[in-house]
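Here it is, the structure, as structure tokens.
The chains carry the letters A, B, C and D, assigned in the order they are written, with residues numbered from 1 in each.
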Amino acid sequence: MICMMSVRDELRESLRVQSAMVTTPEVPTSVYRDMFGNMCRRMVAQPGTFSLRNDCTIELSGLPDPVMPWLRPTPLADLPDEVLMYLVGSRYCETDRLSQIAWDMFGHIAPGYAQVQAICDYVHNHIYFNYMNARVTRTAYEAWQEGTGVCRDFAHLAITLCRCMNIPTRYVNGYIPDIGVPITGPMDFCAWMQVYLDGSWHTFDPRNNVPRIGRVEVAYGRDAADVPLIHSFGPHILQKFTVWADEVV
Amino acid sequence: MICMMSVRDELRESLRVQSAMVTTPEVPTSVYRDMFGNMCRRMVAQPGTFSLRNDCTIELSGLPDPVMPWLRPTPLADLPDEVLMYLVGSRYCETDRLSQIAWDMFGHIAPGYAQVQAICDYVHNHIYFNYMNARVTRTAYEAWQEGTGVCRDFAHLAITLCRCMNIPTRYVNGYIPDIGVPITGPMDFCAWMQVYLDGSWHTFDPRNNVPRIGRVEVAYGRDAADVPLIHSFGPHILQKFTVWADEVV
Amino acid sequence: MICMMSVRDELRESLRVQSAMVTTPEVPTSVYRDMFGNMCRRMVAQPGTFSLRNDCTIELSGLPDPVMPWLRPTPLADLPDEVLMYLVGSRYCETDRLSQIAWDMFGHIAPGYAQVQAICDYVHNHIYFNYMNARVTRTAYEAWQEGTGVCRDFAHLAITLCRCMNIPTRYVNGYIPDIGVPITGPMDFCAWMQVYLDGSWHTFDPRNNVPRIGRVEVAYGRDAADVPLIHSFGPHILQKFTVWADEVV
Amino acid sequence: MICMMSVRDELRESLRVQSAMVTTPEVPTSVYRDMFGNMCRRMVAQPGTFSLRNDCTIELSGLPDPVMPWLRPTPLADLPDEVLMYLVGSRYCETDRLSQIAWDMFGHIAPGYAQVQAICDYVHNHIYFNYMNARVTRTAYEAWQEGTGVCRDFAHLAITLCRCMNIPTRYVNGYIPDIGVPITGPMDFCAWMQVYLDGSWHTFDPRNNVPRIGRVEVAYGRDAADVPLIHSFGPHILQKFTVWADEVV
């Protein structure tokens, strides 16, 4: 079983308090970094109920996601080699199927921050959020057709549309605390995206579509297939999954 | 434009004669390795007709693909970390959709070489090869339902079924000369697969399903989305594509 | 200025409490991993007094360094490629100069744990520890001739002798708390070594030459040149350097 | 035994004809890339006479090393992380010992191309070339004191002086054909250096100190300790070593 629950190494310096990862029953675990640099934990779980628990306190800036309308796209010929893989299709992002649709809808907007924001606005309004409609096999194209989904579907559709417009875009998952926003229900693991503009990566969140405070990145990849919370190599039932991401004053 | 036409670095020592890569018109090109170690060539092609040409002679063993029925699977817990990504879904390999089907068909066969060969036999017989039926968006699941495709569809379906059985499997493309087999038409770029058994990678080819002599690996990845022959970031028409892979006596 | 003060990523999971790194005056810092995976912090310090401070609590096993006399050397032909660089000479480890001496002294001992321990015993007794005799330019060969030095000299000499006997050996620095041993003066940053036997790395400490509890690895490399505590690209005077590594009950 | 005789992967595309590497007697060999990306060949040679032979034809531009007096140093704070290791000391480059000397001699020259050229001129004149005076243990400091050496000593001294002036500098070895220069004796494997100026690496050759045509890079590293032509883990005598690097018209 492989599990990606710990924050990325970029946040290691911001850890202030951290509990040991506890598995019940206790089993040996090992840790490695995948090719995206995400921290992955491997373990062999015996049949029966198995639980994992971890907790930490992280010190962040307290500022919301920046809004930077002046950002321009990096010319294709100048993109770093390692960024190119975020332009092509992946398991849940069928750029081949959505390319024409993307150009028809967003081809008239000047490339850059505004175009990405237009894509996020579109996706935010086009998909109806409904936990009941989660489905692990749903792709961006299917989410576009069905008009419903959860945060990963918002991310997949916006990622695919951005890639179609030749903007490198990657999938991020992690935690978002309810700081400065109304509490709307139990917390969950969240998915959003980062786009590569003007030489660096910038956060966009088509699900919430407003700047948020205190995002904690756990893993990134090309889409959800790269960064499963849990990947088991045998049948398993997720009995319960609780997330808490609270402000420490 | 990115192009993957050159052999992998593992074959560099086997090169005996190599022409310069010629582009018409001539444009500057740069070379990088992607995260799989494939050699990728970047260039900016101007509008209009653009051609690429390359030729080389490689010295290989002359032996056909080995048949090794004694190979056992590597236990999941012992798989090297970097192999794990070849167990999960990817753009054209929907392990989530084919998992139940795979276990129903191949779950009764002892894991190892024989099981992989059974998957190849099944795919070889289930898909009807037809160049007319090529479609770049076709996934393994669609190929399984439609029962038709080209070599990449054979590979994608067999890869997906192997991954469902917890056998790490990767997509390979390259050249296969007509050595020791009847000539069956114009040559093409080919796709096959490698599975990880007993601690190393082994070649299987569900399209041809017989050992072949002289395979030349160009690139590998999780599926065809990782290793496009040509990836252009604008509309292009592939006017002509000629492959020659001949024995030099 | 580059500074290596933070624990290695392998210990990230063991962090329980961690303060923010504080520089006085405050300057922007960035973090990267060098080619050994050590965490390095870069910053531009202005002329004048500049201080750095950090503190953390780490949960470790509480067990002393293991003693494993049954360990055998890995045959040269079976050493992993990435281990080979720890067999050759480096800035402070002149294998070329000490090779004959090493074989004369240790060539009669069966390769493996006992041989490494014999080297540590020799170095422990041959070098007289004296803080007054620290010199950043001292090499293993010079330490051997002068018979005096600090912990890094013990490590360099033992590393060089081990490499001469074809045992891959790397330099480690970090913190060693005074757990279970008499307190012998102010604490310091320490240097020890790891040797590659039977397929993995094992700790030896020719300076202390007894198993210790609670070692905290900060960085490793081929010798002290790879892992400076502080590397400045202009003149600087180290006015004060205080280390605390205490047991938290 | 490890051997670095093949050209770097950056030149792979320029190979036009290449023989197979022949060992006599024939032994299995494997190939890996070290942490600098150099291609290394591993093999186990039996006692007795052992020979290695390889030949290739490479197509290069035919232009001499460029002279670019306008090049400026990259500010320290802007150096890429992976370049920083070429600023510190290494086995044969004692920056700690030569720092004061370097600043006294070259501190008054404006940083950049002219300063590096002044260092090369100094080294070219200070060291008397003499094959009879080769010694594998000679360091830059010793070469400076003794005033004699071979091409690797020229490179080590100039590299050390450049690093002392905060210019990242690496050691290169490879082949230099006698194109456009008088033939001065049997050819040899050569050593030169590359300095990092204005964001990329540039060739300087303190031994020859004139632009040359047709350099073929085999390996680079921090100094000769990183890139031995042959590294054996047991006694060996180099009976004969012949290099040919000729122009193919």
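Going forward, a contact is a pair of C-beta atoms (placed from the backbone, for glycine too) under 8 Å apart; a residue touches a chain by one contact, two chains touch by 3 or more.
Since the model is a prediction, treat every value here as computed from it, not as a measurement.
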- Minimal step count in the chain contact network, chain A to chain D: 2
- Item | Neighbouring chains shared between chain A and chain C, ordered by label | none
- Quick one: how far do you have to rotate chain A to sit on chain B, C-alpha fit, nearest 5 degrees? 180
- Query: Using CA atom averages as chain centres, what separation in Å is found between chain C and chain D?
  - Reply: 30
- Centroid distance [mean C-alpha coordinates] between chain D and chain B, Å: 39
- Would you mind pulling out the distance in Å between where the CA atoms of chain B average out and where those of chain C do? 46
- Item | chain B, residues touching no fewer than two other chains | none
- Query: If each protein chain is taken as a node and each touching pair as an edge, is the resulting graph a line, ring, star, complete or other?
  - Reply: ring
- Item | Pairs of chains in contact (touch as defined earlier), listed by label | A-B, A-C, B-D, C-D
- Which positions of chain C touch chain D when the two form their complex? 2, 32, 34-35, 40, 42, 44, 76-77, 81-82, 84-85, 87-91, 93-94, 96-97, 136-137, 166, 225-226, 228, 231, 233
- Item | chain C to chain A touching residues, read off their complex | 6, 9-10, 12-21, 31, 39, 59
